[in-house]
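Below are two complexes that have chain A in common, paired first with chain B and then with chain C.
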Partner chain A sequence: MTMSYILKNIVFNNVRIQWNASRILHTSPVCCKSQAGRYRITPKKDFPLTYEMANPPHQIAHRKSWNSWNTTNIEGGLRSSETAVEDVFIRKFMTGTWHNLFVSEIIIKRQHNIIRIAGIIQRSVGARKMYFLIGYSEELLSFWLQCPVKLELQTVPDRKSVVFKYI
Partner chain B sequence: MHDSSAKASFSVKCIYNIIDLAISFLLNQTFDEFRVLNLKHVKGQVQQKRQPKKFEILPPRTDQMPVDQDWGSVWPGPRSFHPATVPLPVRQGYVKKGAPPDKYGNAELMKIPNFLHLTPPVIKRQCEALKKFCTPWPKALDTDEKILTPLQLNARAKDKFLRLVGDRYNEETDTVTIVTDRCPLKKQNYDYAMYLITALYHESWNVEPWEETKSEADMEYYDWNKNVSKASVEAIFGKSSEDIPNINVYSDAVSSLMNEGESEYTVSRYGHAVRLLLNLPTS
Partner chain C sequence: MNISSALLKRSKNVTQTKYISRIVSHKSFSTDINEKIEIPKRIPRGPTDILRALESTITRDPTAAHYKYHDDPFLIPMSNVGKRTFAMAQESGRKAAHWIRQEHADLFNHREADPVIKAFLPRVVYNEKSEVTEDDLKRVITDVQISDAHLVYSLLKDKGIEVSQETQQKLLELLCYFNSEDTLSEEFIEERWFRQSSSFKERQRKTWKDGNLAEEIFISIENPTAATYSAIIQGMSKYFQVERAWQLFEEAQQKGLVLSTNTYNSLLRVVNFLKESYDMRWSLVVNLLTDMNKAGLKPNLGTLNSVLYALSTMGGGKDAKEVVLQILREFKDIGIEPSLASWYYVLITYCKERGPTSTILYDIMAQIENKEHKIKDLIDTYFFVTAMDVCRNHLNDIDLAKRVDKLLHFGNNYDLIGDSYKESIY
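And now, the complex of A and B:
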């Protein structure tokens, strides 16, 4: 009775192990396709791309340059993680505050303790609103980040002005 | 019966009139946020799409710039590129066929650092403005040697000085760099730096009592004059080391062998020195 029980147990355990092993093993090949920052061609070839979008990430420092300029990641640089988080925050704040106005990426340049935020916006709101938004963004960001923040914007008539090509 | 039907037709007519009035009133209104009630399905009353407002835009500033303007006041400080302010037909970007994208709406030009605020005339003007805050160069320091070795230190004091300053000493240029940036005022920082230099100088001349007990095992480099090698050479020749010919070559070779470690060069140099010392034929 006990012997058969033990045998049964061993057999069942082995089967279970085998069943588990077959589930763990992957036999499909690894997909090495890189897709980040690349855009698919549409059937009608009417999808607009800016210059930034038209060049994939491996062209950075060749055909296009970085959107964040700072010295935190060079040797001996300070507070690289804080800078990265702050940059994400600035980008989110700017796209939210300047709703549907930015037609380029938001460029963040740091020199000493000054943060310069550059970008291209479309002229769908009046000049008075833009002046208000510039002051509002500069004031709030410099309060939160505890350093002078400057907005250096350029306006274009509409989104089509920054289209580099259609795919 | 007849009466009542006439009444009903009258009231219907009245309602139609009111609706017509309302429609015409609504059509005459300029605000187009509200949809117009279209009961009769009249064509041409379809809601018009709101046209985007056209804002008055002044022509770019570059069109009105005179050729002989003062660029330093147009672009006084560091700033991102702005196409309407820079009167240059610059282009940036890569295009397979054709010209690179122009300066309007070009984000690449805004990314790269520019030196438009540091044109030669502006630098010259700023230097002129700063000149009145500068003091003349000390006349006593007219040569590089005087600048680089102003501290009067002997070998022992210099050794101690270098140990105290540590990695602030640059061997290539023979200079010590002391950075003071903790105090809020420039004057305080300068005074602190002067204090540091004075303290270092006097401290390196100080000889502590425990420094005299330094034995051979504590030496950081090999000094031939204090070692067994000198004593044995003097014992072999039976006279003082100053009187032995070629002793300087030998002592240098031994010192370099001990200080720099064994290499092909130091060992062969040592062999050559021994041959010279003992008057053996050199190969």
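And now, the complex of A and C:
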């Protein structure tokens, strides 16, 4: 959905540029509608949103919280770019290793040298397999990032239990 | 009116307080002269003391699962089987990660941490062609990699590089302690926790590998010292190669070498394999102890436990029981407090399945109650299981059982429960 939207945008922009070239001056107001992190209502109103998805970005710190917790971006913070890249890596690793299990965003919290990875998973595999994955991802990530990594998971019966509303 | 009365009251109060304060200040002035500020002496603190102090403010939640399990209704184990399965599953996941790191060692060699943390880096692999020095040997010895130590040592020998006496001694001690076998890494605690249950019975037969590298090294060392003899004798008696151990012991005696106390302890432990009848065993124990005395060695807790162990294997005769008490008294006189292991041996000597009921546990409990015990001996972990068993099957006393349980939950005593098998029996 988003892809086609972007394409449309580009096409429109090009058209506008051509117009501008011909008319030079235009009087219509600039369209600065914010789009990021917002979902559009579907015709059937059956698109499930989690609480996290239901709240647009300007609600961060009001109704919802950040997905990465660290101090790299405050003044005098260290390793800000490395941390961002590592966080992307952790997210990719977790969604890949825990295939089709995460039903929420992956929250990464850093305190001192510890990285805590939190999230909600669904109970579609047995508890034993989950423990295997916990041990595996904790150990491998700590080998890769060279610091202690901990997983803090919560389970829910299925994907439906994290749905906040349908739009 | 109200306000004025309140004001009046206040002013009265003020005058009163002024008066009082004057008296007080007057008094305090007079005492101030004599008072000295004493700066308390600095108490040396360790790096974890603050954490320990914080930890002492919270207690274990008896209703919760162990903190190694995930705190989630779905992931909390419901049974002993579940506990075992989940912990082992997590451990096997960690092992999978170790395997991947070892397979792709070249990818995991980045150095993120400063200073470099060795535990995160893959292990160095040695093979026939690798260039090794004595430093490598020293490193694998400190890292307890037994098969690597074996390989590196033979490589060094092939190349004709001299290994110093000290390193040889260290290698010999390592090999003797582990019977030249690779051990389970200390990282995998879960496997250790669940495995130990079966190993005790196996330990009772001879497992020493004859003609292994340890013996080779022992032979290759010219004019062995007392430490060399001590290492090999301890290794042999730990893995029940008793005859050879005894031979070597006599050899060392003839050469007039003074062996360590721990060597004597390990020999005392295997007395019941050396001699048949109870009398002969006891006389051997006494002989060994007099030998120690002659050599001017001070007995330690290990000696006490070994002697008690030897006694506990000598049947439940009246003599044995009396001797146990006598020994305990003698050791107390020279200032050696018995550990839980000692009490464990006393218990199994006194409370046999067939035989008269003994109330010795009451006396023991009076000695050890309301104290925090630290592990001093491997066998310490057997005490609580045995004590509870005695309460249940021998004395049928629920109050005593509650006292034992209270002791187990006192302070950090729960660390002494041993492994999962013992915990579940308990």
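Things worth noting here:
The definition used in the following text is that the second predicted complex is superposed on the first by the 136 of 167 C-alpha atoms of A that agree within 3 Å, B and C clash if a C-alpha of one lies under 4 Å from a C-alpha of the other, contacts with A are read in each partner's own complex, and residues count from 1 in each chain.
Basically, contacts are C-beta pairs under 8 Å (C-beta built on N, C-alpha and C of every residue); 3 or more make two chains touch, one makes a residue touch a chain.
None of these values were measured; they are calculated from a predicted model.
After superposition on chain A, the partners chain B and chain C collide with one another.
When the shared chain is aligned, chain B comes close enough to touch A:W69, but chain C does not. In the superposition on chain A, contact of A:L145 is made with chain C only, not with chain B.
Contacts of A:I134 after superposition on the shared chain: chain C is touched, whereas chain B is not.
In the superposition on chain A, contact of A:E52 is made with chain B only, not with chain C. When the two complexes are overlaid, the chain among chain B and chain C that reaches more residues of chain A is B.
When the two complexes are overlaid on their common chain A, residue A:I107 makes contact with chain B while staying clear of chain C. Once the two complexes are overlaid on the shared chain, A:Q154 sits against chain B and chain C alike. Judged by the touch definition given at the top, the superposed model places A:R123 against both chain B and chain C. Only one of the stretches 38-46, 110-118 or 164-172 belonging to chain C overlaps chain B in the superposed arrangement, and that stretch is 38-46. Chain A residues in contact with chain B (one complex) as well as with chain C (other complex) are 123, 127, 154-155. In the complex of the two chains, the chain A residues touching chain C come out as 123, 127-140, 142-147, 151, 153-155.
Across the interface of their complex, chain B is touched by residues 50-52, 55, 62-67, 69, 103-105, 107, 109, 111, 116, 118-120, 123-124, 126-127, 152, 154-157, 161-162, 164 of chain A.
Residues of chain C touching chain A in their complex: 70, 72-75, 82, 85-87, 89-98, 100-101, 108, 110-113, 117, 120. Those residues of chain B that touch chain A in the complex are listed here as 52-53, 55, 57, 78-80, 82-84, 93-94, 101, 104-108, 110-113.
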